[in-house]
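Chains here go by letter, A, B, C and D, matching the order in which they are written, and residues are numbered from 1 within each.
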């Protein structure tokens, strides 16, 4: 049994720290690095790219709305072309650091409200897919299985990574309950949700129902106050159950 | 007699317009496109890149300080590494649009206070040169002949474009008198300065002295209120004198 | 017959100019000055406040979303408390300039998407009303007659100014069709819409229907490319028909 | 023996936390609240104002350069008028929250590079003083004794608070060594520096020399990683030595 672990990284800004990236990096295989719109800045991006490289972690562009004050977690109306221009800008900015540090870009993952709204929005999803197609169709796209984003990506011929979330609540319809600022979760509870998701493809919703989700990758949030503790618990559970952490490119 | 004409383009922001780019593009060979720090935004960058492509104009990254309110025309203290990170970010963001529109990046030109301060600052100049070396050493760098930036670029093995300014005042020491907002110049006066610069390698300073400057390219400012009229006058002068407008890559 | 003419002013930013405020000021009685969130900056606010004072024009806070890139013309999700904090900040910032220049604040007018979304949003409207109540209940609030904002203000005991728009399209349901960037209108057409609105309380919608609107003030947009020409035409029409331009405080 | 303790508060931004304001408030008499330029945002300002009110702490405007990325700790060239406009804007924005929460503004304290550069810059100092005079000449200004800012304020008839720093290095010339991000200090060392400063008016410099400084207030930085521990140590020292913490208005 094999799984990719992805985590949002590089969400500090200026002298404001967010997340404990140094402690998280050893436990993940894919880092979604913020590109300066909802979080991150050029200096933070450089440091985070170097940190990922040093830990052998593959890098993706965590693209968000231009809304630092709201951390990209509130919806902003855009035209499809505007959205595409925002994505192109952010992807290019990140890839420049990767190029200078001898790495390549592995994937794109929309952040926050862009991610959760696109789940049910065909137009936003199409904008996301087109941005990648027009920039580099070999890039992977992380998306929720069953989402319109996932469908648009498959239809557009992109390689899509089906991902699940173990430290966010699922609503009964399968969508996510986005929080502006992440609360801490009990590490052992997250580990249990992780095992159930990876082994059985099952997830509990806020109303106690069970939904089925088949995933290639599991996301753990880097801005959780206790992300390293959560990852340690997940890690222990993986070892116990013989689940291997692998590069996503070996899975999709 | 051959010369490259470069002009700052894409300096609009959101719904605020700056410059008459459509009218300027037919008259230039190199466009320095703002990258979203001192001016420009993703949507403006896309449109300006497409406009340059449609006019066969080569594109450079016009990189500036992260200071939209001051239009990048006031000095901001940075470490060398910070500066390099700012440049990398902006160059990458612009190149992403070029890539999507089937173009490549030709050059880098620091903007405003970054440009004028680096003239006499070895550390800033070195940061600019290293950014380019580490990103793509084949990129051209536009710089003032005689400046520390020019010297650092030559020493670092970059191809440097010696450029002169015909719509900015030179101080007696050869440096530029930067204005926050560009004033209009008399087109015919600029045309005369242009001819004297290109044919004789001479330029008058604010105190009436004459300095010698040998240039490969002449910069005309796109945010002048009458940039198209200035370029028309320069154009007429070029035709009269048999000076040809050519791609900078044929000259350096 | 008496009417207040209000206009959005101070929408420049840094060296980017927006609107022809000097030409507009002589024709209006109330200036809605941008407060640095969707447009304007401290320097522009100072200059615009002084300009209003010199023309005897009363000043209101034109409060918007923190979205310069979108000019405050796209909706951003906020909690009611967040919205109130945004308004308090902007109102206070503007009143500081007024205080230094010997003036007082007359009114508040929400800008762009905040204005148009609040029309049908009780919660946003309540947030707007509470901000004013808690800051200074003597301030006037400009709102669309019939809107939830208008109703909340009346219920909250505020003095409300019923305003109409002559250079924006009304949809059949009485709401406004917001444009990201204002297009020019034919001055004479606007003057006719103005007369019909002020004299008969009637306005045409995009589908050709007529709706009834009783207004105390008419808004003309300052970011129209031809705002001064529009105001001149409105002015001529007012003189022909004997309609007097008066301070809104004499009307509500 | 009596002293005012002032501390920078409200330096969080969006979901990024800075400082442990809740733990610091019980130990201080004056809070310098960030006004949204170098740190803080409307929501943070509201919460910090309420927190100060609940602890009986007086509030001042901590005004900085418009440079969130550099936390206001790097110099930005401005004209005197620009600087005045920045200060007016920030002071007014903060006072609006104070007004809504039933408080008044006690003082102004320039932040970061604005503070340290003005120490030796007559023009900046004059701009700071004029802003206050024109807004409300009853406001206190916090400044370094001996600085040009202090002198300009005295000459301008303002009440000036002479303040000293116990968690920043003094250079031999009496100026401060500004750090971009505050490092932790040994609490007991700070307490000793505090006692020496308050009781004897003496401070050690980076080269080991002793300089004389008479202060009315002592600043402890709120963005130190261990500000509460530092304040606890200072507090203990004060009790041991019978030094009383009092409102600054009783001292100047």
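Methods note: contacts are C-beta pairs under 8 Å (C-beta built on N, C-alpha and C of every residue); 3 or more make two chains touch, one makes a residue touch a chain.
Just so it is clear, the model here is predicted, and its values are computed rather than measured.
Asker: When B-C is set beside A-B, which has more C-beta pairs in contact?
Answerer: A-B
Asker: Over half of interface residue numbers shared between chain A and chain D means same, under half means different, so which is it?
Answerer: Counting which numbers both chains contribute, over half are shared, so the two copies meet through the same residues.
Asker: So how far apart, in whole Å, are chain A and chain B when each is placed at the average of its C-alpha atoms?
Answerer: 39
Asker: When you check chain B against every other chain, which residues touch at least two of them?
Answerer: 41, 69-70
Asker: In their complex, what parts of chain B are in touch with chain D?
Answerer: Against chain D, the touching part of chain B is residues 66-67, 69-70, 74-78, 113.
Asker: Using the touch rule from the top, collect the residues of chain D that touch chain A in their complex.
Answerer: Listed in rising order, the residues are 12-18, 41, 68-71, 180-181, 223.
Asker: In the complex, go through chain D and note every residue touching chain C.
Answerer: 36, 41-43, 45-46, 81-82, 85-86, 88-97, 99-100, 134-135
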